[in-house]
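What follows is a set of structures to go through.
Paired with subunit B in one complex and with subunit C in the other, subunit A is shared by the two complexes that follow.
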Partner chain A sequence: MALEKDVFAELVAIVGQANIDDSDAMTDVYAYNWCMEVVNKMEGKEPLPYSPRPLAVVLPASTEEVVGIVKTCNQHGLTFKAQSTGLGPWNNPSTENCIIVDLRRMNKIIAIDEESMLAVVEPYVSGAQLQVELMSRGLNCHMPGAGPQVSPLASATSMSGPGFTSPSTGHSARNVLGVEWVLPDGQVLKLGAAGLEHEPDWYSGDGPGPSLRGIMRGLHGAKSGLGIFTKVGIKLFPFPCDVNWNVTGLSPDYQFEKPDLMKWYIVDCKTYKRAKAFVQRVEEHEVAFMCSVLSNFGLSAIFANSIEKLLGNTVLAMTKVPVVILIAGRTKREFEYKVKVMTSILDEHGLENMAGTKFEPPSISYAEALRSNLGLHGFIATGAFQSSHGIMDTLGVCFKATKQNIPVKMKYINSEQIANDFGEAVWSTSFEHGHMFHAEMLTLYDQTNPDSVTGVADYFNDCNQMDLLQHLGIPFFIDGDERHDWYGPSCSNYNAWLRQIKEALDPACTADAGFYISPRNSKKQVKDKEV
Partner chain B sequence: MENKQGIQLVPRGFAGVIARQVEPLNSSPAFKQAFKNAKPLRILLNATNADHAALIVVENGNIHVEGIPNKPTSNLARKNTRWDGFLSCTTRTFLELALGRLPIVKMLTKLLSGEIKITNIVKVLQFQKIMAYLA
Partner chain C sequence: MTSEEYARMVKRCLRCSICKWIPQVQIKNAKHATICPSMDYYNFHAYSGGGKLILANSIETGRIPLSETVRDIVYKCTACGGCSVSCKHLNTLEPLEVIQLLREKLVASGVGPMPRQQEYIDAIKRTGNPYDEPASQRMNWLPDDVKTHDDADIAYFVGCTSSYRRKEIAIATARVLNAAGTRFKLFGSNESCCGSPVLRAGDVESFKELVGRNIDMFTASGVKKIIASCAGCYDMFKVEYPRFEKMPVDIVSASEYFNELIDGGKLVFKDQEPITVTYHDPCHLGRGAEPYIDWDGDVVQMLPMVSLNVPEKPKRCGAGGVYEAPRRVITRLPGVQLVEMDRIKEYSYCCGAGGGVKSAFPDFALHTGQTRITEAESTGATCIVSACPFCSSNLQDAITESKSQLQYKDIAELIYDSIDPSMSGQNNE
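On to the complex of A and B.
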């Protein structure tokens, strides 16, 4: 398919000639994404890392331009897919009748309100950019597990958003305040305090009237299926320690002179039962800046930035059910208190800290933990990884899923389709010091090997099935019509409600519904499926 | 880098992995002290699904690994590599053994079925003692 010339001209009039491209070279690039091959395979297609190619890519620079693009799409029966920093298949079109709205020109930090502890950002501001600005003010933001390179706006409005610092910074759904939202018909809606007639501000995401936050994003976000978010207010936190970093060296072997008031705890709990008791106690005392339950290989990976270093972390690889905790203090007194609490809890559970005794964490690991930059280590061993499940519940449920997942995963390890991690790979963290817990099971695979991709896709389908049958919540990969309609009847028919939301806001299905849900009898969707 | 016999002087692959694990022992004073005056020890670990076996040599309180091409199988003969102990299995089983993830019953089953082959078990177990210095 090609974009008609008159439509192209209309879009040029909105964004300018330099900010639109429909060439094969450009649109092919936008059809590629990490993990697209797994999504394709899960949908019964060839395991290739490409989505349908978009008709064109447009780069708006303002909310007004976004509105113009959305209205043009409505006028000409096109769909649109918005992306901010663009990581993952959720940013790709699901039909061939789609244009990509790449928001990279909307890259400004609009405001940092130190007193109210909130920041207002545009879509292409990365977590790292925002954090740097916040650090100079002694503040910090929640950073999703995807890493500091991704967009806080996208995570807050449209994705799941657990992160390594979740014990102290919550998750994206909890940190979103006021938003500016271009609806699928081109209307601009301001939610929360941003929508107030008098003295509009960003301090609240709710009201006036009933809150629309649940409709806007729910648990895992609509992934551009309900329009385009152009500004968001997000909650901030105090930076947990000294903000003066002294970093030397070259990527990836930076050396980081860590401030005095930070300490790693690496604890080999050996059993899930022991880990549960230990983690719950730590979170009860609210001392951890970061607290994650990992597997032995996951632990080895977060302290390595090359395969050589990964293989050298033998001591870590010999652990079973390890827990890794970072504590940090803004004052010596605060830090000493936290150390004291940790010492007491370790004694109480007969556990010991391996950090500084059996294993010396590299200095950069402190900086990476502060910046939530540990997720990228998942790519070291095989070049590709993805998570299944995505539980948000109690720690008991998270561990139940972790244990039950082992035999499911071993089937694919035994067939040599995915990497051998003894089936135990997991990342589990608390939200807000144990208010809730999150667990996702990581899988390493070979993106270039169709058999490996097939294995991951089949395994993920098994994981989804397991979550449904064992009542483990709605996992990450339940999106799109087919899977929502599979899960919904077992979960209070939520799919019917979700579809009603889509129908109310986007009856013509102008916002690409591939990773959300489409309205009933959507001609556009039917037509595109036939294509 | 290989010599004329195809022995990897800078081991790669499976032998490289083993080298990565054991070579930090060269900076362990406790290991050096324990093996300073010990009789030299040569243990050959052959991963059946890899190209090179790993010959671990402990001598004068130092440890190093050589990569030995495992085909033809005569390369692994005792007279050629002068090993004191020999262990052969798949890389996966090596991983399970090394990380303590192979229960005794499973290990015995693998021994009986020939999935794990050991010659001179006493010497091979000495390797386990050596690895303990890493912890």
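On to the complex of A and C.
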């Protein structure tokens, strides 16, 4: 398919000639994404890393231009898919008549309100960019596990959002405040305080009446299925330690001048039961800047920058159900208190800290933890990984899922379709010191090998079945019509309610519903199925 | 990279966008967080290092043909290699090598290079320089006061840009060498292009001819060491030539050589008015100048899908570039204070001129240069110093276009201005 000339001309009039491209070369690049091959396989298609090719890519620079693009799509029966930093298949079109709205040119930090501890950002501000501007004010922001290079706006409005620092910086769903939202029909809705007629502000995303913020994203986000978010207010947190930042050396072997008041704890808990009790106590005392349960493989990865170093971390590789904790303080007294608490909890559980005794964490690991750069270490071993499950529940459910997942995963490990982590790979963290817990099971595979991709896809389907049949919390990757309609009847028929939200806001399904849900009798959806 | 490695590598982009930013732990300022000039100017993802890996995959798998559209995307890139440094901080992909191979494929298929680039390649074949200037005028930069020695075993390779366009760099370099008493020779009108613009445009066959011709000239000259004041020439002789033929001589950058001269007490400086400068790392003296290290190990499969290089395969992340020598030189000049920009060394931001961009896409080159000048201004320095005539041209164009008050100096000029007058012409026997 090609974009009709008159539509192209309309879009040029909105964004300018330099900011639209409908060439095959350009649009094919936007059809590619990480894990798209797994999604395709799960949907019964060839395991290629490409979605349907968009008709064009447009780069708006303002909310007004976004509105213009959305209205043009409505007028011409096109769908749109918005993306900020664009990592993951949920940024890709699901239909053949879609245009990509790449929000890269909307890249301003609009405001930092130190007193209210909030920042207002546009879509293409990265987490690291925001953090460095906050640090000079003694503040910090939450960044998702995907890393500091991704968009806080996208995470806050549209896509899940657990991160390594979640114990102290929460979850993206709980950090979102006021929002500027271009609805699928082109209307601009300002949520909460941003919509006030007099002295609008960003301190709250909710106002009188039912929570539109909940409708906007819920727990996992609509992934552009309900419109385009152009500004967001997000909650900030105190920076956990001294803000001096001095990285020396040359890549890949950087060193970091570690702030005095920071300390790693690497604790080999040996059993899930012990780990659960230990983590619960740590979270009760609210001392952890970061607290993650990992597998020994994952633990080795976050302290390595190459496969050789990963496999060389033999002390870490010998652990069983390791927990890694980072504590930090802004004052000596605060830090000493946290150390005392940790010492007490370790003694209480008969555990010891391996960091500084059996293993010396590289200095750069402190910087990577502060900058939430640890998730990217997951790619070191095979070049590709994706998570299954994505449990959001209590710590007990997270551990239950972790254990029950092992035999399911071993089936695919034994068939040599996925890498052997003994079935134990997990990343689990709390939000807000135990308000809620999250667990996702990391799976290492080879994206260039169709058999490996097939194994991952089959394994993920098995994981979804597990979540449903064994009550393993709210999973990450239930999205799109097929999976929502499969899961919904077993869960209060939520899919029918979700569909009503979509129908109310987007009856014509102009916002691509591939990773959300489509309205009943959507012509665009039928068209996609015919394709 | 073998064709098998290429075919496998282009399937492995994670689309994480790390290639668009400097290494995450090095970000100090939201304004100076990006690494890719092409993305900063053109914005579409295809212009990133990762985007070009995907583009290569689309071509390799027959989804799109090599076309003028592909050509324009691939050549709107300064080939600065910043994407590769950022990607390889944790990953093992080689975006810059893929970009280079894409260019070579475009040339081999008759689609590349860009017309302006073909013009300068033709000029090099005609006259030995990309400016199409007569070879007989190559030595016109040489002032009467500079003394050279035909029997010296050190040669100063001036390069095309310093010979014809940025003569002040050649003059200052030669005068510093004279002041230090270094006996050196010039190749004169026999000197011809090192081939950097030819290789970067993807014309590898023409490049090979230049490699052969220059190596023959070096061998015939009997010199043991060549000093290069051009980062592009240095990169060619140090990194690229050895991939094709054995280099018969040692190669040293002017910055490194000046640093040795100061270490050896061969240069005496005068007291001077305080000046604050910032240093711009040229891509081809910095991250690009890291030599390839032969690796002849084994890939051992440890577990299904997890393999290990035994012994460990060196990662070419830019750490082997020339970073300390120019900084040691600058900080030892009386009255000169060095203040660093946010993007330096292996994650330095490109000046915008390289990869054939200055000739084919001058607007893009100028924009990138202006971005760098703005960053330099933010340090409070009054002068930006670098060590590459091509950076010099583009950054000075950017200074003019931006109406900036910054001064530009090559490191040779900065040194020459600092030399005690009693030393000037010391070697003028």
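A few points about this structure:
Here is the rule we go by: the second predicted complex is superposed on the first by the 530 of 531 C-alpha atoms of A that agree within 3 Å, B and C clash if a C-alpha of one lies under 4 Å from a C-alpha of the other, contacts with A are read in each partner's own complex, and residues count from 1 in each chain.
By our rule, a residue touches a chain if its C-beta (ideal position, glycine included) is under 8 Å from a C-beta of that chain, and two chains touch if they have at least 3 such contacts.
Note that the structure is a prediction, hence the values are computed from the model and not measured.
Once the two complexes are overlaid on the shared chain, A:Pro152 sits clear of subunit B and of subunit C alike. In the superposition on chain A, contact is made by A:Asp253 with subunit C only, not with subunit B. Once the two complexes are laid over each other on the shared chain, residue contacts for A:Pro93 go to neither subunit B nor subunit C. By the touch criterion defined above, A:Ser306 reaches subunit C but does not reach subunit B.
Contacts of A:Gly68 after superposition on the shared chain: neither subunit B nor subunit C is touched.
Contact with neither subunit B nor subunit C is seen for A:Gly480 once the two complexes are overlaid on the shared chain. By the touch criterion defined above, A:Val132 lies against subunit C but remains apart from subunit B after alignment on the C-alpha atoms of chain A.
After overlaying the two complexes on the shared chain, residue contacts for A:Asn420 are found with subunit B and with subunit C alike. Contact comparison for subunit A: of subunit B and subunit C, C touches the greater number of residues.
On subunit A, the surface touched by subunit B in one complex and the surface touched by subunit C in the other have residues 308, 311, 420 in common.
The part of subunit C that touches subunit A in the complex is made up of residues 8, 11-18, 20-21, 23-30, 33, 42-46, 51, 54-55, 57-58, 63-64, 67, 69-70, 73, 85, 88-92, 302-309, 312, 315, 317-319, 323, 345-347. Partner subunit A is touched in their complex by these residues of subunit B: 17, 20-21, 24, 92, 95, 98-101, 134-135. Taken in their complex, subunit A has these residues touching subunit C: 18-19, 21, 23-26, 28-30, 32-34, 49-50, 57, 59, 85-88, 102, 104-105, 109, 125-126, 128-130, 132-133, 146-150, 245, 247, 250-254, 256, 305-308, 311, 364, 367-368, 371, 373, 376-377, 379-384, 413, 416, 418-420, 444-449, 452. Of all residues in subunit A, only 296, 308, 311-312, 314-315, 317-318, 358, 420, 422 touch subunit B in the complex they form.
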